[in-house]
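Would you mind keeping the following structure in view while I ask a few things?
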Amino acid sequence: MSLSVSIKKKFKDFNLDVNFENDGDYFGVLGPSGSGKSMTLKCIAGLETPDEGRIVFNDRVLFDSQQNINVKPQDRKIGYLFQSYALFPNMTAEQNIGCGLKCSKEDRKIKTGKMIELFHLEGLEKKYPWQLSGGQQQRVALARIFAYEPEALLLDEPFSALDSHLKEELQAEVFEFLKLYEGQVLMVTHQRDEVYKFCKNLAILNKGKLIIYGDTKVIFNEPRTVEAAKIIGCNNISPCRIISSGQIFVNDWDIVLQTEKKIPENITYIGIRAHSFKIVNNNHEPNIMDCEIVNITDELFEYSIVFKNRASENSKKLIYKIKKNEWDSTTNKNKLFLKIPEESIFMLT
Amino acid sequence: MSLSVSIKKKFKDFNLDVNFENDGDYFGVLGPSGSGKSMTLKCIAGLETPDEGRIVFNDRVLFDSQQNINVKPQDRKIGYLFQSYALFPNMTAEQNIGCGLKCSKEDRKIKTGKMIELFHLEGLEKKYPWQLSGGQQQRVALARIFAYEPEALLLDEPFSALDSHLKEELQAEVFEFLKLYEGQVLMVTHQRDEVYKFCKNLAILNKGKLIIYGDTKVIFNEPRTVEAAKIIGCNNISPCRIISSGQIFVNDWDIVLQTEKKIPENITYIGIRAHSFKIVNNNHEPNIMDCEIVNITDELFEYSIVFKNRASENSKKLIYKIKKNEWDSTTNKNKLFLKIPEESIFMLT
Amino acid sequence: KVQSDTTILVSAAASLKNCMENDLIPMFEQKNPNIKINATYDSSGKLQAQIEEGADVDVFMSAAEKQMNALNEKGLIVENSIVPLLENELVLIVPKGNENNIKDFDDMLNAEIIAVGDPESVPAGQYAKELLENLDLWDEVSGKSSLGTNVTEVLNWVAEGSADTGIVYATDAASNDKVEVVSAAPEGSVSKVIYPVGIIKATTKLDPSKSFVEFLQTDDAKEIFAKYGFKPN
Amino acid sequence: MNLSPILISIKTASVSIIVTFFLGIFIARSIADMKYGKLKILIDGILTLPLVLPPTVVGFFLLFIFGVKRPIGMFLLEFLSIKIVFSWTSTVIAAVIVSFPLMYRSARGAFEQVDKDLILAGRTLGMSERKIFWRVIMPNALPGVASGGILAFARGLGEFGATAMIAGNIADKTRTLPLAIYSEVASGNMEGAYSYVLVVIIVSFVVLSLMNYFIMKQNKYSNKGV
Amino acid sequence: MNLSPILISIKTASVSIIVTFFLGIFIARSIADMKYGKLKILIDGILTLPLVLPPTVVGFFLLFIFGVKRPIGMFLLEFLSIKIVFSWTSTVIAAVIVSFPLMYRSARGAFEQVDKDLILAGRTLGMSERKIFWRVIMPNALPGVASGGILAFARGLGEFGATAMIAGNIADKTRTLPLAIYSEVASGNMEGAYSYVLVVIIVSFVVLSLMNYFIMKQNKYSNKGV
């Protein structure tokens, strides 16, 4: 399974310019709204034509602007889950799922039935799309594309309309099912945890450009750029200045961080996740902040604590997230010291 | 601000039967896919007509099947955010946002501009819906409904298509903005944390029925029924048997739980959140399980640990979720004892 | 005695269009500078219906007496104003070349398809039916006839060889150079094909109408009619 | 070649397409709004009727309606001093009557193809039904409505049978292009006929091109079409 | 009342609507597929032409094409022994030619109103273009296509001018209902005319009702319509 994409497409005020190769089976794409995720998938599926570039999938050239190759979507054998589902309004759920199958009636029935079961659609077989709820529609769209068994699956926000409970269940089942499936899966999602859980490789898009590409866990541990850090969910980001090898001054928090890691020269920002801080008892060690709590929000499983560096007048706000029972059992809440663990510091450009 | 809804609507294989009154400003609706959330909102907005019942909003009777009242959607002054956006394809983003406004051109321009800013749509004013990404479309739909300034806002999955970063930012801004707004907000969502953060009251729907209704935090602490517990994200649920006042036998985990709380007589299930367990060093106290770890999954900020009760051959699987750094600093990982804190036990019917 | 600049409307059988528009109307208007002629042309049957429904017609020039008489009976024509202006002739036509060797009305039976006007609505058809009845041919002919709803159809069917032969007015035959006249209706075999002219009772322009009808009977006008193949009466 | 039939035809076709267009969409909208049922089908049938009858016969019926001896004709003459038969107005009436079903039917089909959610969205945004119609339904039904317009215009331009009946065939007054063509053909003057046919073709080409261009421009916003 | 015109008309209208329907959607699809440009507009204009010419003139041109002295007519007669003119077939030809633009235009408008994403979805599911057309585009363009069908059927049923010209008016063979009606009206036999008109009305009502019913049934799945 290999996919190599290198495409450019220009719009009046948006330029897509994406470049990657992927050999793994599960591949995720993250990026802010409007960054070109869907457009990239559409180009791969053959629904949009890039202005220039080349797309090769399992040694088949699907598109090559120089050689004037542009394989029809039908012949690409690549399934695309529309973000807006694009269910056929004139067909029932069942017919929608079965419509791409080229096999005998009985086989179709069996396959369709299997998909209906897999996606918990029992009882909805005979309903038309407008009689289905948002989540049901999404599941029919998923079932339709899975039934077709393409060589690659491009999933654009596959679980966005599902409730968390069903989503978890379905994810588990779908990925179980996918293990038997030989194709490649390329998934666009806004859910960081989805990507983290399921995708070996990850590409992050921003404003039409691929800003980072590589092993998912590596990227999550080392996002390298400010944009990537934001996208993987780093809440605290500040400009910084390298003081010496081993010392960085963080402008917004008015603190000097020490590290034994080699500091790349081009570092201009520092980031730290809201979950990465550690409560300590005093600030006798380096990289510890004396926190002035500004505000505590009660979130579902955790508290979100907004604080400033007490040692500085100009400190901007930071966020610390802590599990509720941990916070509840913390003594000394009004003398809060937070350590920034060295290994959790993101050094960003 | 008050909304009282009591409606019934029958379909061939789905019956909606919902009943609630709400005085608060922010009101959330949770429920699995296909449980009737959108349908309920549509009935309130006047897009679907219930078979029978009564809807009263701020002392205006909007619908009453007995008195044959059915106020036109236009006169209800209730904005409804379509789950599928329903943007007008023939209008630009800007025109979509401004089309419901009844005011002078200049005012319209100002208001539209404000919304475009609030929803980070700068630069997309002149684009038509099909030129917008999924998240951009959702934001235009949100902006359109906010610009209209109805007396109540019904939001059906308002942030589902947004990336987490933008979503958090937008949520904060939108709720800031809403503070100035006098209307009532009724929000349907699949995101438990969204509801928890923003909605004072919560209704949980299941299969067209309202299964629990009340203060959000109370429900999250005491879901009372199995369905509600599942929906608020309780992963570990098992049938149980009351042994004596203070003692419950949990079938699936083969353990007797002790509690000082009064046990309601009709209890048939026990639930505990994956986050609620506490690591302890031995099982000399009650409510502690000696855990046989089956599987550990690396999730984004935490590990998901699947385990069984080592003391029993028949124990089914449970899930424990723990923050990564906490787990990392745990010694004795292969002799894991987990305590089920008394206050975290959900007693369910 | 004539009001200045009056316009009168003449309803004329379609077969009169060419001679009216090309010659007669300009000639009359030149002689009577203060009278303008408007004319409308159609099948006489339609013109009759229009007049019956009160169309603003002043003078009616029919292609047969039947329509004129019908109007007269309803009292729509100025008394004694009807003049049997012209006579036309019924002729047998074939496509140029006459491959089927049709020479006379009797030969019509050899034809596969025969074109005649619909006797119900087209005057030429009505006369053709009378003629063929008198020749004892109608029963057989009608079985293979296509009944044209107007003369143009009948003419073109024959011209294009779709029909092997047909019966039309001599004047119509003259207007199409792809047909050939092979025979004319024998004397006495059919009543005279008269084109009558009459003044409509509802007219508010009696005098100009009268001058036009009078003009049509002048020698100048007769010359023109003759040029187009009509026999002035 | 006499130019008057050209001018008359253009005038007639222009006025009648305007009347037909608005009447057509108005009635189509009213009918589309109705629930399916016998009444709807009945009205639909009546409105389509002018299409199944030969235009000449339609002309006969019009003559019966507007004749000065008939109630309506009498009324118009008595109180408004309007004589319909043989007037230029009657060319418009004939064109409107025969082209109406085309406009009506196409518009109705097009309206029925518009996504209902858009209409509901308009309602929850407080837009009046009128505004929804003009700002939402019409633009989204444009291809179908425009098709109807093109058909109706072409039909109006080509109208002959009913026109001949009620408007007559008076040079410089009611002789439209089709009547002129017919007259030329009837009098065997094929050259005259061809030149008029050419004119008809040119006129309709110009109008069709304009309409196509207009639709294309309006359509640029949408992601529709095969 | 002679029944043969009724039977002939029903036969003609049925056969011609089938031909027109499939020809119309086939050509509409091909044209809709084309990029906007001069060629598209040109072809569109030519296809709409039969509508702007008076049917009699259309008939006249058909006579020129199929006449036994013209190349095509000659060819058909010589090699296939088919005589088009005055045959029942020619009533069908006339009806198809005059009703074609209605079907074509309506179908095109309807196709252009279909959501493009549905077509793209079909493609990514490996459906052939043909299958996409029949299973996706057609059903979703149904209201517009059906409108076209109704218009074309009605027009074919009512066709008179071109039919009279090319098929003639031969009793029991090519005399269709409109010809019969015309005959009766023209000879002032209004009673005969009315009974035929009644028949036309009944026939078209039955067909319209069936079509309406069919559309309604097919439409039940959709959330469309005003």
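Going in written order, the chains are labelled A, B, C, D and E, and every chain counts its residues from 1.
As a convention for this text, a contact is a pair of C-beta atoms (placed from the backbone, for glycine too) under 8 Å apart; a residue touches a chain by one contact, two chains touch by 3 or more.
Treat the numbers as computed from the prediction; the structure is a model and nothing was measured.
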{"item": "Neighbouring chains shared between chain D and chain E, ordered by label", "value": "C"}
{"item": "Inter-centroid spacing, chain D versus chain B (mean Cα positions, whole Å)", "value": "55"}
{"item": "Centroid spacing, where centroids are CA-atom means, of chain A and chain B in whole angstrom", "value": "22"}
{"item": "Inter-chain centre distance, chain C versus chain D - centres from mean C-alpha coordinates, in Å", "value": "34"}
{"item": "Contacts with two or more other chains, residues of chain C listed in rising order", "value": "46, 49, 152"}
{"item": "Contacts with 2+ other chains: residues of chain A", "value": "84"}
{"item": "Residue numbers of chain E (touch at least two other chains)", "value": "56, 60, 115, 117, 140, 179, 182, 223-224"}
{"item": "Each pair of chains that touches, named by its two labels", "value": "A-B, A-E, B-D, C-D, C-E, D-E"}
{"item": "Chain D to chain B touching residues, read off their complex", "value": "115, 117-118, 120-129, 135-136, 139-140, 142, 221-224"}
{"item": "Residues of chain E touching chain C in the complex", "value": "56, 60, 63-64, 67-70, 85-86, 164-165, 168-171, 174-175, 179, 182-184, 186-189"}
{"item": "Of all residues in chain A, those that touch chain B in their complex", "value": "11, 13, 30-35, 37-39, 83-84, 123-124, 131-136, 139, 156-157, 160-167, 190-193, 196-197, 217, 220, 230-231, 233, 273, 275-276, 278, 297-301, 323, 325-326, 341"}
{"item": "Contact footprint of chain D on chain E as seen in their complex", "value": "29, 32-33, 36, 40-41, 44-45, 48-49, 51-57, 60, 101-102, 105-106, 108-117, 119, 137, 140-141, 143-148, 150-151, 154-155, 157-161, 178-179, 181-182, 185, 193, 197, 200-201, 203-205, 208-209, 212, 216, 219, 223-226"}
{"item": "Parts of chain C lying in touch with chain D, wherever the complex brings them together", "value": "9, 11, 14, 17-18, 21, 38-42, 46, 49-50, 52-57, 150-152, 155, 175-177"}
